[in-house]
């Protein structure tokens, strides 16, 4: 029997997940939809030829007894209330980033889930589902490079719009690294510092670009991440893990090596959507497989909380110019 | 409504396709199985918890009106008769390599399919579904390297067993290149020649290894393929297309670049199964999508015939040491 | 007429430079030698079949009117006095690293040279003569990557001996980066900070290894250098310059790409001597060419001073854990 | 005492060798010059400020008792007579390619040298002096890839002029490969075949371009060389040696890897002069070092003969379309 799914928020990402569930993944079926713009929900229903009901709002959708699992892909500010409602209803819920717009909101979700006594929430951090990061994780865990001591990383976008400001380099961009390093290293952050190199002339007034974020973990691993969102040349994610006995690099995306016009090389991606496109399928299939097995194993609400706390500390560090502590509460048993 | 599938031959590849249909792909369901060893068919049924009937033989399975599509994954020598039976029954049929053990057998299938007046057969050539070859095809078709003039290719296995002999280097190994080059170039072969380099001491008596196969196409493209099945170092597929204005290379499989033990590099695959594992999913999904659209577009029985004719000429060239003609009949309208 | 050269200090590096002058370079001839161990000087004279006089000490050698130019390759603590003596004698002098063991010593040399009114000193910083760094410098200067904003670098040794301690990671290892970045960027340092990642178990008690040194320049370029002298895997120098419009990487040393044993890759160097071996020839030839042209253009005593001041600040930063200022005096006209 | 050198032919290459001897190499001095255009010889003498005599012709130059060694860099058709004259005079002679314009001419030189009883001639094949080929040779000789079985190679020029015709692809272009493979493999050719791929539209009427030359050696090694002299994209020399246990590739020329304009890659060379520029220094220094040691070890007149015979067979194969024998006489003791 297919898992019945309700989608709250049928904008770009919600519509795409609905398509994914309907056309690509196995074991799940979209039977309920809603959106602040109900017409948009109807359009998705019709385009995908879904046998689904459009509900007036997310709470009605969650309340429907025929819905097994909920996808929260609405506007970020509404995530917390829908996730809490789904937990209260005892339903599995997949929530896109951010889990909540504040660390306290994430904590509320963690608390609710702990009260429920089982993992019901998966957060939409997709990098652990990327084939390259999985190979990197495997290389680390195999012991081939020895104990990790450092990570050198970069997150580069070709350019960003006028309304992208300095803190967004953390909340919207670094957030992915903040999640994936914890997973790669099985470790927690203890401090952060942000330094600002000479600013690129391609960044507008409200944005300090590039930035270098320095992180320290409990085990003493030092991480430097260059965040450069107007790098001009492409969308580029770099991650090198330096261990006691060797270095492992995140693979470059698959590409055709070409000899042409006095150049030997390959095209780089320019659109972030192309970089992790395959991982979206894998993360959502994993969510449904977890439901079938009655045991979610993907990114948890705890991960959402940890990323939010680290994120806040990094923004503080942007402003203070100081080394800032990152204080994560003890990890509860449920999330080990 | 899911496409109902019957699987003839539940050995390694048949069982794997049954698993694929059941657990990974969408839109199809295995409802019938058979094998020369019926116990084996029962085992697959039970392992995959299929709601399926085990039939006494392939003909009974094909005859069952509930079966929409047939998978022929039995012993090679039986492919022709089952494919012909499926065509006769007006059913879609996916046949693993070889389509038939002789060019005449392939011709019989083409004739039957043409008599049926529509494409019913897809042959299990998976390379056109490989993400790397798709990128290479796109690079060629984009015109970025100009008109193709040459291909330099290699097909290397770490080692082969004692019963692998010289002609098998063509029938079992080169066959994949023979199919994929036609697709890459949208061209047909006109001649072949085989030269034998110094033999590796790692090959047994019955096998001339390595071999270099030289092919010429209608458009004048010259192809050299090194077939080296005891190369010791790994499973390695190379393909460089030299055009008038540049060269495009088949991407290497994704891998972690590592610095370790005074070496900078990455692991190579050693097992051929790992190289094209993802393509099996894609080819079979494409078969079912083609059925849903009532229009197969994957490798056709004509491709099976073309590969068989080229294959036979290469074996003749192995023996003669001469340049041998490859005579493919005019391509019928149905296969354009 | 060949430039006549006196070599003060005929240990490993001095003997090697004498061989270089005699057998490889053009336009110079070793006619005088000395060493604390006079027998060693005699051995070099005999091995190289030099038509040369062995002097009792460096000062006698410098005083000899037949000597046009002096090479100071003696024990580091003696460099300052011999360089000062050579300047006083109005002779060109090539001094191996360090120019002096203290910043004050370097300042004394700069002062003496300025009093002499012309450049007489070249310091043995060889990286600007490395073909790879020259290509990198050219890539930066061409404007291809736009204005430099950041450098990510690494200096890794396979292992170091028991008497190598934490400050030596700066004075003996980072010193090369401290010189070469100034040259690459045509810029000066203003601050430094050192962070200590988790320590490798391959380092002994007296050594914090690895270290990450963060540098800031006048133009605002931010530099991070990983210094890891027990990295186990090889001798590896990395340098990536991130500009406003692209990134340029120091080339890897030339190597054979090999496919073998299920690996695709190339050997890395393990001995630092092999990495810059060619540059020693080029730097010394440039010294003699500069003498012939009566105009030295290689690394100056000012460069020696700048590296020494930066070096001292980095050691202070190692100890303080704070961001430390790097105060370089205004660059005198002579060194522009 | 420096070796005194006379240069016959002071065109581009002769003038460059004179500069090389005067400014870069050690142990030799140009004291005599001649050219069909005596003014040109005077110009070189003046430009390089040589203390040299300009002779009326090559024979006068050779006859001068003060000349220790002769460089033959005149028009190809005159090489044979000057080399023979130098041998007769008992003088060492470095002769640019071709040693003679016919195989018989080369044989005459070999015969004269054998009559002289010692090696006096070095031919200007510079590839064995290229650092990349030296690494490749070392990789082969080390046994790391096992016994060589095949070579896949390419010689590509961006474009050629109107007077470059089909046979020149052998005589002027492939000639370098014909020499270097013999040296790499320590082996001799026994047959050749030439196949013509679809012709590039960038080649003019008199030129079949590209060509693929297939060579077979005594030890059974099979070599395929793509010669493509209007490849448009750059000057590119490829050489992969496939052994029983692995594959070694000629290194790419050192280059800056850059990320820019949505591309990751490096510039390729476009001018052949840049590719082997360093080897010219090394080959000529080796000639003088050989003279000093009274034992030449570089490319011999036998190599010149072997390349000429192979070259002629390849041109025959171009015309016949057949497999052509390459008949090299037994190698005399002098050249082992």
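Letters A, B, C and D mark the chains in the order given here, with residues in each chain numbered from 1 onward.
Operating definition for what follows: a residue touches a chain if its C-beta (ideal position, glycine included) is under 8 Å from a C-beta of that chain, and two chains touch if they have at least 3 such contacts.
Each chain and its UniProt protein: A, B, C, D = Inositol 2-dehydrogenase.
Please read these numbers as outputs of a predicted model, since none were measured by experiment.
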item: Of all other chains, the one whose Cα centre sits farthest from chain B; value: C
item: Comparison of A-C and A-B (more C-beta pairs in contact); value: A-C
item: Computed distance of Cα centres, chain D from chain A, in Å; value: 59
item: Rounded Å distance between chain A and chain B, as computed from the means of their C-alpha atoms; value: 38
item: Centre-to-centre distance between chain C and chain A (centres being mean Cα positions), rounded to whole Å; value: 46
item: Multi-chain contact residues (two or more partners), chain C; value: 233, 245-247, 255, 259-261
item: Complex contacts: residues of chain C adjacent to chain B; value: 158, 233-234, 236, 252, 255, 259-270
item: Complex contact set, residues of chain B against chain D; value: 146-150, 152, 195-202, 210, 212, 214, 216, 219-222, 224, 226, 228, 231-233, 242, 244-247
item: Contacting residues of chain D [partner chain C, same complex]; value: 23-26, 131-132, 135-136, 139, 144-145, 245-251, 254-261
